[in-house]
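Labels A, B and C are assigned to the chains in the order they are written; within every chain, residues are numbered from 1.
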């Protein structure tokens, strides 16, 4: 599965991996806003920002081509709308949409590939995102592949009993979903029991927020200034 | 339909991010209140379930398949506030880990699917889920959640100046209707199967809701959604409609002043007007859902 | 000699069902290991869930001389560690170290001390190298070891293990038996694995329809109920 790749990349030890999650989140937002709000000189801006991301990926020792392929997940949607835009007589706009959404996805890949998800969620928590939501997201990610595997087993079992894969009859599929629901519900209760058994008192203990060091500040300043300056320069002179 | 970054114009994504933040914060407090933190694993695992559920395909005919979206089902089982939080967590993980939907567009996707989609889906169930039309209510909720989410997404794209030809729009709408009907059908059969496994899984809304009140609320929601689409597709249309109908000029001013009457520079550009008209529409739907939500919670706690 | 666990006349029924436990009497002495045998659905797991108050029925449960009540629940849950059948449900935190540190952190220990204690527990089960990994990616045997470390981290006097050999291959089962044999705590082991029970336990109790119908040395109970794969023996019993 694709996720394993991202998770493996995120356990790297480069200087970019070691930067504080908050610094990377802010830099990502600056990058995305600089790209999203641009209306002039898009090709030049896109080229410059693309090189910036490539430099970051190389610095983090992440395979650039594989990361680019990973970001390509965003393309089908973008391509559909680019085509729609083209049919509707606005080809240039369609191309811009595709480029902007692809670069944005690549930027997200760069951050997620250099920051383990728990660290990212912890960073968001110190940035005032509701803790309740983040804890739900943490559990969701923890059990995502466990439940998915159960779902796949069930689909396989149904296929083995005659329903050709992917074409279960409607009722059978609904029954399978209901069973998967019940199992997930049971698992949640078991998890809750396991938490209580180890003294859970209504608050998940969190790791202390990592220290935001001087190198994080330097990184934050340069990583946010770079896309902003590129953007300003192109707006002025292009 | 997860909108990626780059598609929405700045006022649209910024406004929707600004709207989504307090909405999700409010829902988080409500869900936390209803569940206490003991149920956090439940919401997380059910989010994982919705993810996994999307891998189980339902035959639609002619070799094509569809899958569950899940907003309405979550609302029926966990309650609407918890469903909103679970859907928001799903959208966040999809955006971060699977590059499905953008980061700046997260607010838009959250409003579309986790907030308005979930609450629109819960409404018919809340109104008629206890009576003899329960099956119909479950179906309508599933269908409505998908229809509202998809319509909002298209409206936001139109507001952002993405050009979509009328014919394409027509085809998309036909597809949305089909997807909505499918979601309704899947939701009905899964709810049926769940109640056979353990009746307690699906909530029991209280009986005795006024049919008329519910019908009016539902009609208002549908009108606002469709109206929003028209407003964002052709904000000038309202004005010309008023003229054709022979409405006196002062009435026209009253009708259209907020969006297009003033000749201030910032509303002169067509896309700005579109965006403003559309955002006002979303605001109305948002307000409607908040009001409905408040009433629901007050009755629930009474 | 004061028993570690003293259960008297415990009765419990799940909502609206027939009794899952029906007048159970049980006693666990210090340094003793007891196997809980019996058919599926005979109440073994339900019984274990009563020992730390995850379920509560009629009758009395005393752990380390304390009557199981709401006010000393936290203390009792530290004395008796529950290892669930499915480690996946027990390892709910994003990384191994955070998971093992869960109980110490919940008991109000400061972070540094809790992590130290978690590392020590991981060393006991020889899993310290996996501290930074995500539990999802561990093998079944590794997961079970980490789950046990998570229990050891709160310094229990009793270990209760529910079907610990499920999902483990024979070498994994042997390694687990060796690990458990080296741990000084008293143990309650729910299992269908007779070899495992014989290796670890001095005494067995046999559950049937929610109550303990016999107790004695493991071999005696096994042969009395024909509770192994030797079919001729069960035939000769009839």
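The criterion applied here is as follows: contacts are C-beta pairs under 8 Å (C-beta built on N, C-alpha and C of every residue); 3 or more make two chains touch, one makes a residue touch a chain.
Computed from a predicted model, the values in this text were never measured in an experiment.
Enquirer: Taking touching chains as linked, do they make an open path (line), a single closed cycle (ring), a hub with spokes (star), an all-linked set (complete), or other?
Expert: line
Enquirer: Report the most central chain, judged by the distance from each chain's C-alpha mean to the global C-alpha mean.
Expert: The chain sitting closest to the overall C-alpha centre is A.
Enquirer: Kindly indicate the chain pair that has more C-beta pairs in contact than all others.
Expert: Per-pair contact counts point to A-B as the maximum.
Enquirer: Averaging over Cα atoms per chain, report the distance between chain B and chain C in Å.
Expert: 47
Enquirer: Averaging over Cα atoms per chain, report the distance between chain A and chain C in Å.
Expert: 39
Enquirer: Please tell me the distance, in whole Å, between the geometric centres of chain A and chain B computed from their C-alpha atoms.
Expert: 23
Enquirer: Which residue numbers or ranges of chain B touch two or more of the other chains?
Expert: Chain B, residues with two or more chain partners: 41.
Enquirer: At least two partner chains per residue is the criterion; list those residues in chain C.
Expert: Chain C, residues with two or more chain partners: 92.
Enquirer: Identify all positions of chain A at which a residue touches two or more other chains, and write them in rising order.
Expert: Counting only residues that touch two or more other chains, chain A contributes 117, 138-139, 141-142, 146, 187, 191, 195, 200.
Enquirer: What residues of chain A sit close enough to touch chain C in their complex?
Expert: 7, 11, 116-118, 138-139, 141-142, 145-146, 187, 190-191, 193-201, 205, 207-208
Enquirer: Which residues of chain C touch chain A in their complex?
Expert: Of all residues in chain C, those touching chain A are 49, 52, 54, 74, 77-78, 81-82, 84, 86, 88-90, 92-95, 98, 101-103, 105-107, 111, 114, 132, 134-136, 150-151, 154.
Enquirer: Can you list the chain B residues touching chain A in their complex?
Expert: Counting only chain B, the residues touching chain A are 2, 4-8, 10, 13, 24-25, 28-29, 31-32, 36-49, 51-53, 55-59, 65, 68, 77, 85-86, 88-90, 92-93, 95-100, 102-104, 157, 161-165, 168, 185-186, 189-190, 192-194, 196-198, 201.
Enquirer: Can you check the complex and tell me which residues of chain A touch chain B?
Expert: Chain A reaches chain B through residues 2-3, 6, 28-29, 32-33, 35-37, 70-71, 73-74, 77-78, 81, 84-85, 87-90, 93, 96-97, 99-105, 108-109, 112, 117, 120, 130, 132-133, 135-144, 146-148, 150-152, 154-155, 166-171, 173-182, 184-185, 187-189, 191-192, 195, 200, 202-204.
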